[in-house]
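Please go over the structures that come below.
Two complexes are shown next, each including chain A; its partner changes from chain B in the first to chain C in the second.
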Partner chain A sequence: MTMLDISSWFQIYNHALATALINSVMALSLYFSLRAGIFNLSAVGFMALGAYTSGIFAIRLGTPSVVGIGVGVIISLIIGSILVYPILRLRGHYLAIATLSFGGIVQALALNLDGLTNGPAGLIGVPVTVEVWHLSIIVAMLVYLAWILTSSRTGRAWDAIRTDLSAARAVGINVEHYRLVSFLISTAIAALGGGLWAHVNRVIVPFEFGFPQLTFVLVNTLLGGISHPVGPVIGAVLVSTMPEWLDKFEQFREMIIGFLLVAIVIYLPNGLVTSFSNFRLIWTKVFRKIETKPRSSGNE
Partner chain B sequence: MSDHEITKPIYVQDIKTHMDTKVNGLELKAIAKSFSGLTALNNVSFKLSRGAVLGLIGPNGAGKTTLLNTVSGLSKPDSGEVWLDGVNITDWPAHQIAAVGGISRTFQNIRMFQGMTVLENVLTGLHAKLNSGIFSTVFRLSKESDEERNARKLAMETLVSLGLEQYCNRQADQLSYGIQRRVEIARALVSSPRLLLLDEPTAGMTPRETNEVMELVQSFRGSDLTIVVIEHKAGFIMNISDQVIVLNFGTVIANGQPEDVRNHPRVIEAYLGVDDAHA
Partner chain C sequence: MLLQQLINGILTGSVYALFALGFNLVLGALNILNVAQGAIFTLSAFVAYYLISVYHLAFPFAFLVAVLVGGLINVALEVLIFRPLRTRGGTSMSTLVASIGASMILISIAQLISGAQVERFPFGTIPDIQWNNFDIRISFTQVLVLSVTVLTMAGTYVMLNKTRLGKAIRTIAFSERIGLMLGIPTISIARWTFFVSGALGGLAGVLLGIMYNSVYFLMGEPYVLKGFAAIVIGGFGSVTGVIVASMMIGLAEVFSTVMGIGKFKDVVTFGMLFLFLLLRPNGLFGRDEEVRP
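Take a look at the complex of A and B:
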């Protein structure tokens, strides 16, 4: 493959690659809240908030992209920390419905605040300043963040809360604090993803931030699984490049994704990437079986 | 086995300075709790001096587990007070009772953190003794890595003292019942608590495993650790307890030395029923 081939390949797939990486950011946003057992469906709402904020800043005020994206994250964090108190009093389905309604509210605002968001027509002409390499670095940093937190005291507290709330309290974990932190990290990453998306896609339309997008993000995260931070990224890349494989089925894309979600929940509840410790367990099991076959199993 | 001494980490902040140490041990004052009309606990009061082992017995549904939940803060009493070492902890949130009060517990139906290894489960038991937050983790401060290394060492020492070291990298919820119970005890002990609440620690265990738990509890005799044990095995309770309390329908019907309680007419009545001819 010559240099020319590689560069033209990048030109053709640039947008697809950027989209896959943005979807990875969104999937990682969901990873943080799912890890702490919060079935948080507000990520797409915060994505819209981040996208519109950075779009409005770039078009109407002409500020550099970094400013718009940063302000979007800060606004989302402020709104998130107000929302977090009523939301985190809820559990399970109730929490899911409450967070889902937030996405609906943001979408309705985007549709109706014509002066600010240009209504259903959307914001057009956001400068394309975010490149694939920016996104790659951001995704790598987020995976690192997720990985290092997962194996720390904070990550253990999240895991404990996810699996058994009462037992977590009984070992002295301040459940409310850790759930709040996880929700806010998730919120900030979602807004970051939205801001980046605005500067990749050039156009921001309210319909992009509806229920189908939410299902899409959920499929990404659940396909890869939350047992390892790489999971959501792998899920996002696989699903985002799917339309390319299934060119002829373009109009069935949402239907396929719906089926996929059901199939994952039934057949792959832990996702494609199960934790490395599990993998190691299976490996040692197989390996030891071969190794210790002649010996009797004297070990208790 | 002087493991309790080993399990005291160097970096633990001395929480006892905050407490009035003149009144030692656990004291319950007129605890009442009912669940939508059903009285689970009715005017339960007792004192337990520091370092003593209390055996809590009673027929099924007598309110034993509710009593432990009240002490550990997982459910709040309708009225009454819980005092630990001279401090009223009734209104403290559960995590504070565990972290600051130093009360650890195990559960009747084992509650392992699913998907985590044995070592990670025990490390989670140390949560309140560690300080590292998100900032120190993300920027890999040396403070954090030292703390983590010490914590792992301490968790391993606790596992060794309970004979569980060979399981440290196994997924906790996939181990046998008896081993899970011991891991749960390790998770409760690793934080060197002041009060340990054991809810049927030998349920479903083999006689040999039961003896191991009995030896473990007896090894704390003479230390500062106060222990409350719920158990149905009479021999076990009579062997390990300094004090035995019998609950029936949420009421204390006997409280005293094991021998006295065993022969108490109301205890015999609660377990065996009353003979109509003599009633």
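Take a look at the complex of A and C:
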């Protein structure tokens, strides 16, 4: 393989790689929510918000991409910090419905505020300024941030809240504070993912931020599992590159994702990354005859 | 003019009510938020369409078969997905994720069958009769939709409150363990609940298909969100609440069109949903369960 081959390979798969990395950003956004036990389905709504803000800034005002993306994140944080109070007072299905309907509101606004978002036709001609290496650095930084936070006091508080909220409160953890932090980090990362997506894809269409996108984010995060920050990234890269190694089944893509989601939830509830560490556990159990404590796996 | 809009609002609301009723039945009895209801809605409408246009079946028979198919798909989902998931100790969130996956599978089946085209029922499926009185125009289709809806709602109410099956469903809704202790076959009752819920979804799908005379693979998606709004506003597990809330949503949509903000009717609906979640999360007629963390 010569240098030329390598460079042409990168050109062909450039867009696929960029998409995979942006899906990793979105999966990490969901990771932060799920880690604190918040079943937050508003990531796609905030992604749309970030994408439209940076798209509008780039096209209508001609500002550099960094400004548009930054403003998108800030606007999402402002809206998120207003919404976080009513949303985090809910639990279970109520929380899922509230966050899901936020996505519905954003999509309806994107479809109908013609003057700002250009309606169903979408915004066309956002400058393509974000390269794969930018995205790689951002994903690496986010994984690092997630790893630091997860292994810190905050991460331990999140684990406690996820496993048992009342018990966490009883031992004196400030549940409201840590849930709020998790929600806002998740919001900011989702808006960042949206802004980057706008500058990779050139076109922003409201239909991209609907239910299928949400299932996509869910399957990415849950396939990798939330026991380690690398999990969502692995899941996103596996699922996003799927069209490349399954190109004969392109029309069955959504069906395959649906099957994957069902199979993961039933047979692999903790995701791929945990099963590898479980494998090590079973290994030691069987071959070293060491007593090991059963792993607890609380999802809520 | 105002009366005409009122009739339109009630009609829209009644289809929402049928759809949300099926949603609410499974949610109230088994604590499963079955998003795949929207896909069943779509598939039933397709079954009715193909039976009528390809096999030239008369409308009432096609209608019945489509409703049965809707119920059976839902039972299949329970047998293949939800029951294994619950025996493995899945939480309410993992059942929601599984139903999102199931909905994805069913919708892509509908897409593959139809080739993503908008289908229309052949002319004369429903007699084209219209009555014009006092500036109000009512078509036969509208009368049919309204009467089927009223009959079904009354039937569901009687089924839940008077029959053995209904009593068993309400017992499970109270507590599945207690139902088991009383000797109720909870597994088969759960399947029946899913069947009734799927049949209601299928009924709504076919009625909506003939009301707007269009069937396409994404038609269920907005109804899932409207159904969420209806069950939150009405209260989880309450039949009366869902009907009242659906009428409210239908009327709000029609009147937002009258007021000239029809483009934002979805925003109005979701705004109502958000207000309820904020001020009264148990809904209008819901059980006073604890919803706060």
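In the analysis below, the second predicted complex is superposed on the first by the 275 of 300 C-alpha atoms of A that agree within 3 Å, B and C clash if a C-alpha of one lies under 4 Å from a C-alpha of the other, contacts with A are read in each partner's own complex, and residues count from 1 in each chain.
As a convention for this text, a contact is a pair of C-beta atoms (placed from the backbone, for glycine too) under 8 Å apart; a residue touches a chain by one contact, two chains touch by 3 or more.
If you're wondering where the values come from, they're calculated on a predicted model, not measured in any experiment.
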Exercise. Sharing chain A, do chain B and chain C clash or fit in the superposition?
Worked result: fit
For this session: Could you tell me if A:T154 is touching chain B, chain C, both of them or neither one (first, second, both, neither)?
Result: first
Exercise. Does chain B (first) or chain C (second) touch A:V175, or do both, or does neither?
Worked result: both
For this session: Spot which of chain B and chain C makes contact with more residues of chain A, would you?
Result: C
Exercise. What is the C-alpha-centre angle with chain A at the apex and chain B, chain C at the ends, nearest 10 degrees?
Worked result: 90
Exercise. In the superposed arrangement, does A:G115 touch chain B (first), chain C (second), both or neither?
Worked result: neither
For this session: Could you look at A:L260 and tell me whether it touches chain B, chain C, both or neither (first, second, both, neither)?
Result: second
For this session: Could you look at A:G62 and tell me whether it touches chain B, chain C, both or neither (first, second, both, neither)?
Result: neither
For this session: Classify the contacts of A:G104 with the two partner chains as first (chain B alone), second (chain C alone), both, or neither.
Result: second
Seminar exercise, completed: Rounded to whole Å, the nearest C-alpha atoms of chain B and chain C in the superposition sit apart by 11
Exercise. Taking the two structures together, which residues of chain A meet both chain B and chain C?
Worked result: 175, 299
Exercise. Which residues, counting only chain B, touch chain A once they are in their complex?
Worked result: 72-74, 93-96, 98-99, 104-105, 107, 111-117, 120, 123-125, 127-128, 130, 132-134, 137-138, 140, 144, 148, 166, 169-171, 187-188, 191
For this session: Quick one: which bits of chain A touch chain B in the complex? Just the residue numbers, please.
Result: 145, 148-149, 152-154, 156-157, 159-160, 163-164, 166-175, 181, 227, 275, 277-278, 281, 299
Exercise. So in the complex, which bits of chain A are touching chain C?
Worked result: 39, 86, 88-94, 96-98, 100-102, 104-105, 108-109, 112, 165, 175, 210-212, 214-215, 218-219, 222, 251-252, 254-255, 257-262, 265-266, 269, 299-300
Exercise. In their complex, what parts of chain C are in touch with chain A?
Worked result: 27, 31, 33, 81, 84-85, 88, 90-98, 100-109, 111-112, 221, 224-225, 228-229, 232, 236, 263-264, 266-267, 270-271, 273-274, 277-278, 281, 291-293
